[in-house]
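Scroll down for the structure; my scribbles are underneath it.
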Amino acid sequence: MTHAAAMRAPAGREMGAGVYNEKLGIWVFLGSEVMFFTALIGSYIILRFANPGAFAHPGKVLNIPITAINTFLLICSSVTMVKAFAAANMGDMGKMKLYLVATTLIGASFVGVQVYEYLHLIHAGFLPSGIREGSELAELAVAGELGLGSADPAVAGVYGSSFYTMTGFHGFHVTCGVVCMAYVTIKAFRGKYTQADHRGIEVVGLYWHFVDLVWIILFTIVYLV
Amino acid sequence: MTSVAAAADHAHHGETHELSFVRKYVFSTDHKVIGIQFLLMSLVFLFVGGLLAMLIRWQLGFPNEPIPGGAALPETMAPGGILLPEFYNSLVTMHGTFMIFFAIMPLLVGVFGNYLIPLKIGAPDMAFPRLNMWSFWVAVPAGILMLSGFFVEGGHAAAGWTSYAPLSAVSEYTGVSAGQKIWLLSIAILGLSSILGATNYITTVVQLRAPGMTWFRLPLSIWALFITAILVLLAIPILSGAAIMLFFDQTLGTHFFDPAGGGQPLLWQHLFWYFGHPEVYILILPAMGMVSDIIANGSRKPVFGYHSMVFAIIAIAFLGWIVWGHHMFQSGMNPRLGTGFMISTLLIAVPSAIKTFNWMGTMWLGSLRFHVPMLHAISFVAMFVIGGLSGMFMASTPVDIYIHDTYFIVAHIHYVLFGGSLFAIFGAVTYWYPKMFGRLMNPFWGKVHWLLTFVFFNCTFFPMHTLGVYGHMRRIYDPTQYEFLQPLMGINRFITISAFLLFASQIIFVVNFVMGWFRGARAGENPWEDNGLEWTVPSPPPHGNFATVPTVHHGPYEYSAPGVVEDYLPQNRPLPDGAGRDAR
Amino acid sequence: MRRTWMAMGLVLTIACGGGEGAGGESAGGGETPDAGAQASVAPLGPGTISGVVMFERTPPANPAIDMSEEPSCAARYSGQATDPVVMVSGGRLANVFVRVTGGLPAGPYPAPARKPTIDQAGCLYHPRVVGVVAGQSLEIVNSDSLLHNIKAVPTANRGFNVSQPRAGMMREHTFTEPEVMVPVECSVHGWMKAYVGVVAHPYFATSAEDGTFTIGGLPPGTYQLEAWHESLGTKTGEVTIGADGAGTVAFTYGTM
Amino acid sequence: MQWILPPSASSYAGDIDFLYYLILVITGVAFVVVEVGLLWFAIRYRARPGRRATYTHGNMRAEVVWTAIPAVTVVVLGIMSGGVWNNIKGRDSVPADALPYRVTARQFEWHVTHPGPDGVLDTPDDFTLRNQLHVPVGRPVVVHLGSEDVIHSFFVPAFRIKQDAVPGMHIRVWFEATDVGAYELACAELCGLGHYRMGAMVTVHETREFEEWTVGQAALRSDAAQGVTP
């Protein structure tokens, strides 16, 4: 019985959309996640157009090289995810397990790098409420190095707020993705997935690609612009 | 193939073994049990919302007198029985919050979405039963958390159910610190529950329709619940995102809505109403769907213009996304946007008119049975029309300059939400009660409750139009402070008395609802002689609903079909050949 | 099937409906305010510091208050009501909060049971400056038959923003952390300002109309004092209580 | 009758009232048609033994009719309302010769800075009053609306004017009083526990009397003399 048969809607229900329930479910859920990030990113865009002066120039506050590597890491994890799914299709359980572990580890390291970057930023004085007085960044702001509209660091409040909220919630979603990936990997090692029926991998894969796509958008509009 | 079929119907076979009480009733994965759990929870919160309304009305009717029984309230709320202004503001806030988020929305989407969708489309259960259980058991803590807000220092949230920033963002302005945070967290948690529920409903309607149940053979209640689930799916995350931003403004000192730090107070209003307007359509569409079913049943006649009704639902849902600015005409938003939103808002009057006239068309040439659900359904149409028409005044931007944030708006809200959704809910609960519990609610007391509610509802809310026309502002604690409101105090007292009588007459519904469990007449499979698939299974339906997968032969409204003896024809019974046009 | 629903419905109603009454402070009768907080605390010693606050030059004119839109308050003032920021009579400055900042034995001082009162009359606070011991509750009374709301925005303590819409309403509040001068204001009447000095010990006083103040219940010894005024700033001073149990000190403002 | 608007006292109140009454007529007709129709159908088509409901799925012509009529009505209303809206709230609708005032809302009172005899804001002869706005009759007035803390709403029912005061935003709203007298100003947006008590008085003077009053006030309490920054 081919994978397609397994993946088709349950028998006797030919009225469905031609995919199995969990796949449609994850696509619908991703629709709501899109709207959630629309709210956050939309507010960021509105606030940025409203007072451009509150946002520092690219690279002045945020460290672009590290996050560029981090973005590359996340894209790699999407690649290994696709390979894991392809291996499952081919019935090569060994390679599937290998790639699942790889995806989980790379995902986890992405979160690790981001946490490291947060700690570094907070230490430098870049807080959700703006730039901390008397911090290293405050002096830079006063000296006009950061490209902020005015020397008063309090103005950068909106920059810190939107940066931490957006990337924080994205990080939270990546963490949930890593947890689900770990769960799927454990099930894979327990041999729960067969060539005929490995729906769990496809569902987590879809979620993973979504989270990766959101990061690419975030990386561009927060770090590079 | 068989393994997959078995796997798909595991819900049907797997549950036959006896479950413990807890697994069967408390943490159940049966959509019917979850539907009834939502029903009990929402009725409790409806009662709480009503209680708060009584306190509000007392303060507006008799501003300077202590409320009877007010000594029970603590000093921080009502010293000597006299309500304090900050407590009044939290009453107004929490009345709106409980009624909208914890009563009407769960009653419509949680109860009837859960109970009706699988039964009416011929499915054994929801696509994801466990997820369905989680969506209820995430909503309960949200409700209890919201209730706990009354007992924290500083009182409950007091910035309106719309909680405009910066009033809601800076606790110093209202003296409320913990209460506002509790409000935001509770709304975010409830949002999660709604999103999980919506995902479940959409997947179920798309995937698990019985053979023959094509899209245009779906009953209008299912169409409405399906489109509403899409609105919930796409609108609630916006509110969750906005609530999180406001929560961070409160706790982490971010500046999203704080102008001093570069934030924008109007950003909150845009985000809230971008969610808010689809929300109010979430609150009315399921009611419209169920009213269509009940009116068709009551008139023993197919719905007039089924396809235009479906397209009207879709049109209302789509237009609902591009009108949110009409809540903000006077908010300081760019006036040109006001003109744009006025045009999109006026367009929404068209599908609403279509639906209204189609309901009337359904009754035209019918053979009307005035059972209690039919009385509620007709009252829905009558009252919703008044709500829709009063909406026209606000759609016209210049007139809105005068009546914005006055009691004209409050009248509009209550004519649409109480006159509309709540009458539909009373009708729907009475209509599907026999299917849920196997017994009928007492029809005589049902009619008494309907009549009293109808009369006192109009006595309470119609005069609010007059208050609005004379400029009586919303959410004010003591109208006697203004000279131009002094002459209106008589109307306020009349409204208060009518409101108390309205609240009292709800006891008849509660008693009828509870006594129905024991003393209600036994209802067979199809007490209303309806065509829906749920009426082809025993009441209450067993786990897994259908012994064999039903096949559907025609649309849900084949009443009085020529060539059929009875005046109804359940969907799983084929049309006798040559009978009826709509045989596809 | 049916009994279970009834049981569950009952449980839910009790869980949500119950638990309505919550503890609120009791409405104690308003006591007559007396001068020193020390009276109701066991004195450490017989000594008393008596002092005076002088004001050199002619005081600046206090800003006028526009009470035209508050007839019941405006009626209490014959001429133009003014905001008593700098109250000087006979070269003496009132409303100066003086407290002992050094020389006291450490150790927690119990909060006296006596409750000082701030009265809102004629849309002004009386007294304008008052001191409480950390943990001692303060009574705020509204004698005007119109809405006053009391908003305190301290840094160390928890703020509050409560209302008193009718005459005779009394509200109690307790500050837990020492904080010299918690600003208290009324949002309905922007000019109304009061200051509450929360001190860890009961050795403080506010200078009266004639600029004099007394801090009693102290053993002989040398103490450092600090005087605070809402707009003229703070000054420090030192006093020594001799064997006879008396010590005098004077502060002078308005020298520049 | 409870649907008649209270008397108005500003130039564009007439336009707003006309639109209100037009919509009242249109919705009144629709209300009667629907409610009487429902009642009539309920009585006429109640179940009677031996009569069966007519099996019909609706007809397209009726649908087109009750789609077209509302559509045309709303388009007409939209066009008429759009014009009036631009005259009142349009960004360029403020008349050039309008007398400027600065109204700053704060929690639970209005600070109104009057331009003083020279009719220009931010000049030494300005003076600020609490909860009082004095304007000349027959001359347009533009209020520079601001807020110090939360969102309030500048609402004068008699002038049919309402505009939210948003902190961090500077909004101009204009009106022209047509009748002398005292009118109440209210706050129409929930702004905290004292929201219900944020009333103020708008007094419309005769032109000559207004000038005398302004000169008197300026001498009495000009902000510069008292060091009160507006």
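Letters A, B, C and D mark the chains in the order given here, with residues in each chain numbered from 1 onward.
In this text, a residue touches a chain if its C-beta (ideal position, glycine included) is under 8 Å from a C-beta of that chain, and two chains touch if they have at least 3 such contacts.
Computed from a predicted model, the values in this text were never measured in an experiment.
For the pairs C-D and B-C, the larger set of C-beta contacts lies at B-C.
With respect to subunit D, maximal separation of chain centres occurs for A (centres as means of Cα atoms). One simple way to say how far apart two chains are is to compare their mean CA positions; for subunit B and subunit C this gives 50 Å. Rounded to whole angstrom, the centroid-to-centroid distance between subunit A and subunit D, based on C-alpha atoms, equals 47 Å. Taking each chain's centre as the average of its CA atoms, subunit C and subunit D sit 44 Å apart.
Shared contact sites, meaning residues of subunit B that touch two or more other chains, fall at 84-86, 173-175, 260, 263-264, 477-478. Annotation for subunit D: residues touching 2 or more other chains are 107, 192-194, 197. Chain pairs that touch one another, listed by label: A-B, B-C, B-D, C-D.
If you check the complex, the residues on subunit B that touch subunit C are 21, 25-26, 36-37, 40-41, 43-45, 47-48, 64, 72-77, 79-80, 82, 84-86, 143-144, 147, 150-151, 153-154, 171-175, 437-439, 477-478, 514, 517-518, 540. Of all the residues in subunit A, the ones that touch subunit B in their complex are 1, 5-6, 9-17, 21-22, 24-25, 28-29, 31-33, 35-40, 42-43, 46-47, 50-51, 54, 127-130, 154-162, 164-165, 169.
Residues 1-6, 8-9, 12-13, 15-17, 19-27, 147, 149, 151, 153, 158-163, 165-166, 169, 171 of subunit C are the ones that touch subunit B when the two sit in their complex.
Across the complex, subunit C meets subunit D through its residues 63-64, 66, 68-69, 146-147, 149, 161-163, 187-190. Subunit D contributes residues 106-109, 111, 128-132, 192-194, 197, 200-201, 221, 226-228 to its touches with subunit C in the complex.
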